[in-house]
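Labels run A, B, C, D, E and F following the written order; every chain starts at residue 1.
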Amino acid sequence: MLLLVSPIDVEEAKEAIEGGADIIDVKNPKEGSLGANFPWVIREVRKITPKSLLVSATVGDVPYKPGTVSLAALGAGMSGADYIKVGLYGVKNYNQAVELMKSVVKAVKDFDDNKIVVAAGYADAYRVGAVDPLVIPKIARDSGADVAMLDTAIKDGKTLFDFLSKEILEEFVSEVHDYGLKCALAGTIKKDHIPILKEIGTDIVGVRGAACKGGDRNKGRIDRNLVRELKELC
Amino acid sequence: MLLLVSPIDVEEAKEAIEGGADIIDVKNPKEGSLGANFPWVIREVRKITPKSLLVSATVGDVPYKPGTVSLAALGAGMSGADYIKVGLYGVKNYNQAVELMKSVVKAVKDFDDNKIVVAAGYADAYRVGAVDPLVIPKIARDSGADVAMLDTAIKDGKTLFDFLSKEILEEFVSEVHDYGLKCALAGTIKKDHIPILKEIGTDIVGVRGAACKGGDRNKGRIDRNLVRELKELC
Amino acid sequence: MLLLVSPIDVEEAKEAIEGGADIIDVKNPKEGSLGANFPWVIREVRKITPKSLLVSATVGDVPYKPGTVSLAALGAGMSGADYIKVGLYGVKNYNQAVELMKSVVKAVKDFDDNKIVVAAGYADAYRVGAVDPLVIPKIARDSGADVAMLDTAIKDGKTLFDFLSKEILEEFVSEVHDYGLKCALAGTIKKDHIPILKEIGTDIVGVRGAACKGGDRNKGRIDRNLVRELKELC
Amino acid sequence: MLLLVSPIDVEEAKEAIEGGADIIDVKNPKEGSLGANFPWVIREVRKITPKSLLVSATVGDVPYKPGTVSLAALGAGMSGADYIKVGLYGVKNYNQAVELMKSVVKAVKDFDDNKIVVAAGYADAYRVGAVDPLVIPKIARDSGADVAMLDTAIKDGKTLFDFLSKEILEEFVSEVHDYGLKCALAGTIKKDHIPILKEIGTDIVGVRGAACKGGDRNKGRIDRNLVRELKELC
Amino acid sequence: MLLLVSPIDVEEAKEAIEGGADIIDVKNPKEGSLGANFPWVIREVRKITPKSLLVSATVGDVPYKPGTVSLAALGAGMSGADYIKVGLYGVKNYNQAVELMKSVVKAVKDFDDNKIVVAAGYADAYRVGAVDPLVIPKIARDSGADVAMLDTAIKDGKTLFDFLSKEILEEFVSEVHDYGLKCALAGTIKKDHIPILKEIGTDIVGVRGAACKGGDRNKGRIDRNLVRELKELC
Amino acid sequence: MLLLVSPIDVEEAKEAIEGGADIIDVKNPKEGSLGANFPWVIREVRKITPKSLLVSATVGDVPYKPGTVSLAALGAGMSGADYIKVGLYGVKNYNQAVELMKSVVKAVKDFDDNKIVVAAGYADAYRVGAVDPLVIPKIARDSGADVAMLDTAIKDGKTLFDFLSKEILEEFVSEVHDYGLKCALAGTIKKDHIPILKEIGTDIVGVRGAACKGGDRNKGRIDRNLVRELKELC
């Protein structure tokens, strides 16, 4: 299982790299759960990250605007992101989501066919009116994305498992694999969740708080030792 | 006064070019008044447009998400747009607008310093909760944009002049010029409005319906003769 | 494929019976797409319907109130309904829906184990904020319901097929069958849709407008000949 | 004055019975101020309550859906409730309320003419957009209900008397009696309120917190001695 | 029964006077059903109206702002209005309404004890979230107002009788008289309604459309002959 | 720079007078940031205030109702206020604001041409959907008002400077002066802000908290010594 870690600056990114993270994830929490960061920040993180590691970047908790979002996805790819994550926030159903993700896939793959496109939904989608998390696998499949992902939309301490049971998540992973895609899971993941995620076959696990001193995603800083401990569990 | 025309496909773009338009504008009305089009559409229009003419592209009626929007602006610039328009739709005041536009200016000018950044507000902003149009000049000035623009947010037949009087628009143009910037005005502009816009010193006028057969922005198609007539008035 | 027809009064119910409908469905369109009718109306329809035919009754486009809804389901069962349909309108996700449907199943089966419980979702759920239609099969399975059904929430002329493609519906039916349940589909179904629904394996098709003179669910009246024509296609 | 006590489980119900409560009230606070409980819970409470005492059950803080609500009222009656309370939550005026209550009265009395139907309004109706409490007496009268009741919709510590003065409540009781009906009052009633309610002629007083240890409706448990003290004041 | 007529300008006011209206009512429909007109308009109508007739003025469909509204009521009284009507639009219950009306009564009566204060509610209050019309008599009584009035809030062709039955209105009038107050009724009153209003004891009936040519409150103009016909029925 | 102080009762008004305030401001915080007080309160404050000092009164955080608001402004003027402040709360743009303020100016100046009319906007207008503060100078100019003012709409501890930078405020003052009007600034102004406001040319500064013991606008009381200290800085 690959470990994706979300630093908030270059210094934290270095800790994550030292700790053995597989994917360095550039987000901007000020703009939401999957908030986009600026082109110059993505470029900087790509610069300090070894070639062997992947950089992921999100284009935001996006509205249902395929034009705007596909331009942003292109901008993220061009800034050096290998993984391009789209938070399906303002799309309300399968049809809208597939339409939007198809545009993103075309915009990104036209630019560089090796980029990996991630369709990300929210386990607590009902709290924000977004498309249901259980529909994400079909959306990823039918839009040509590479990875189906879940996170939580509202960061209030509740975790992925507060919204979806282990059984339902296991079905989710299995459905994604049936479609020949990879599966990424995140959402205030604690250390204790990692063996469960591994057991059910998750391909990529995303963390931030669990890699921070004191387990606090806001006040703590990413620590290489904590990253290493998490990586060992993957 | 430069004439900006907004075709919806390549065929219409050719008519606009033949008719003598100065700026060929790529929009996607499905995504709103200043809706963004896809990277491949911008590229295609740029390809068929003579070097001597400018291509403009909008990045959408944008939310208050500086990260997402600056990535999209970069994507638009990279796809070949010379003018990059940002519709200040989801920003509610001067501070938010300046923050967002500064990100866009940095993202675009880092990529190519010759690109022109347009801060676009809405004459009927109060109908959608967007920042007041009379504040746009200061926003353009303080964010380092090149052009201050107004359009209408809701296309229901009402024109720019239904929301702002000639006197107020004249003050608007004059304030923009005092700041050393250019001024673009649009919003269901009719042929008869053009001499007024010229009289008050507008630098760029944007049209679609007035360049379409029957004056109908939706059912009509852009016609080179109508474009020529409008250009002669500029 | 069984034919479910929704009359609005006893006279129409008789026409449906004469025309060969398999299931006589008691609704109250005044209270919504799956609006509940009164106990005395259900009793009356049950009285005039041959024992060999089933009577179905809906308990409404229900709010997320398991207590109230399970009392209503019991009331419907006690009034003579064989099929008890619950419109999952005010429930926003899998968890809420399973909790509510479990209460209904227990309330109904405690009373009479032969009653059939139908978990009904809406193809256009996003228009009313209800749980996604693609999640209904799992909800039916995990709550112990007997049938997974889809209808449309808003009766504005749009049909089931305007919201879900044939391919997606086929996957839906197939998933329901994998769980050992039956599948019912409705939503402004036209005569031409029936062969498609049959082809993809639907167990029960629900109609009203298509069985009315002039095809008009509001102004037309159910006609036995039209019912017969539809039945022949099933 | 009769004392109605609202236990949350069978053990509390027994305490209420031992303490001398006249009416044992089955609610489900998870579904709101007058939230409905499940059929099997009503049956269980009825089973352990002496024949000489009455069991009341609410069908919920109900929406304006006469069909659904009359089915639920029938379900509650059939489960053994003697008093059937309807919380007029989603009805906004006299006409809607009378229409809904008439359906409930018919559904319940058709089943068993001895059942008592209670039209319950909210003293703080304006906080939730429900029909005004001062209109409840006319609603009860014109729909054929037996009892007019008031409670509070939001349980935030405010009492009946925070929304309606003693003078207004006295007029309320007197109007209900003029119509030949009984009057029930509840809403975070404290021990000290009981003599006032008695003085103004209330027929039934409803309590929970005041019968709990520590006066806490949530953390305390109903205590037979507290019930006895309250009963002595009635 | 007194006839109150609502002209929209001085010319119409003269027609109403010639036709025999008892009360000349100054409103401003642009600001709502009971919209306030400007001080200079009230002064002008008072000037051309014979001393023997009364001029009424509304202070608006008011928000729950006792300070602002009592200042406006004083302004209306000072401008020459004899009747000062307050549309209880933004007040949601008895307590808020009594508080607001007490301030108005004090502001007006401190200035001139002969002014008549009217507490006006809306028959269709539930459509705008205003206090229930059936509570208006108690509000008028407990705030020291002189008249309890009803009108409709939304002018969509529906009349007073579409929201309140003759029986309920008769109770309303009777309750107002029990309190020693006068009762005024309005709300798209047609000629045929007037004998009914007279029969149930209404003191003042308010009209506009019925006094206009073609019965059209918007396009028609008040006609002295129509006013006379209405007056004869009073 | 003149010092405007906002007492909440007559005793505090006397302290403000003793402390050397230039303008005694009558507000009613219960009705909002610029909430109106009652006619009798304005009269009382005017009575105890020396002729040489001015009394100001607000007519409220007003809705877009020119009729109601002009009646209230007249009521305030007639009650003795010299300054009449209108909080442009429910008006959403320049056109609505100019229309409303013109009515107020006419209502007040018709009554007494010496009264001073203040068009007051909110620095945090975007939090309540009111017209943008940067547009207030043009509104004051074009409606014939005498003073352009800013305050904050929501009193949550944030100050004028949290919403508008010193640079922007300086432009504001300068624009107001260019139009030949006076400029008043308020909004949780602290002692330390006063020299800055003076430096940028403000004509009138409004305070309450800074003049209260403990700096607490709610729990503290106005103290003559604190008023004197503030006055010395003006």
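One rule holds for everything that comes next: contacts are C-beta pairs under 8 Å (C-beta built on N, C-alpha and C of every residue); 3 or more make two chains touch, one makes a residue touch a chain.
What you see is a predicted model, and the numbers here were worked out from it, not measured in a lab.
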Set of chains adjacent to subunit A and to subunit B: none
Other chains in touch with both subunit C and subunit E: D
Matching chain pair for A-C (criterion: over half of the contact pairs shared, by residue number), options A-B, B-F or C-D: B-F
Whole-Å gap between the CA centroids of subunit E and subunit F: 34
Geometric centre distance via CA averages, subunit C-subunit B, whole Å: 50
Pairwise touch network: line, ring, star, complete, or other: ring
Successive chains along the ring, subunit C then subunit D then the rest: C, D, E, F, B, A
Contact footprint of subunit C on subunit A as seen in their complex: 92-96, 125-126, 129, 131-132, 134-135, 138, 163-164, 168, 171
In the complex with subunit A, residue positions of subunit B that touch it: 28, 30-32, 35-40, 59-60, 62-63, 65-76, 78-79, 103, 106-107, 110-111
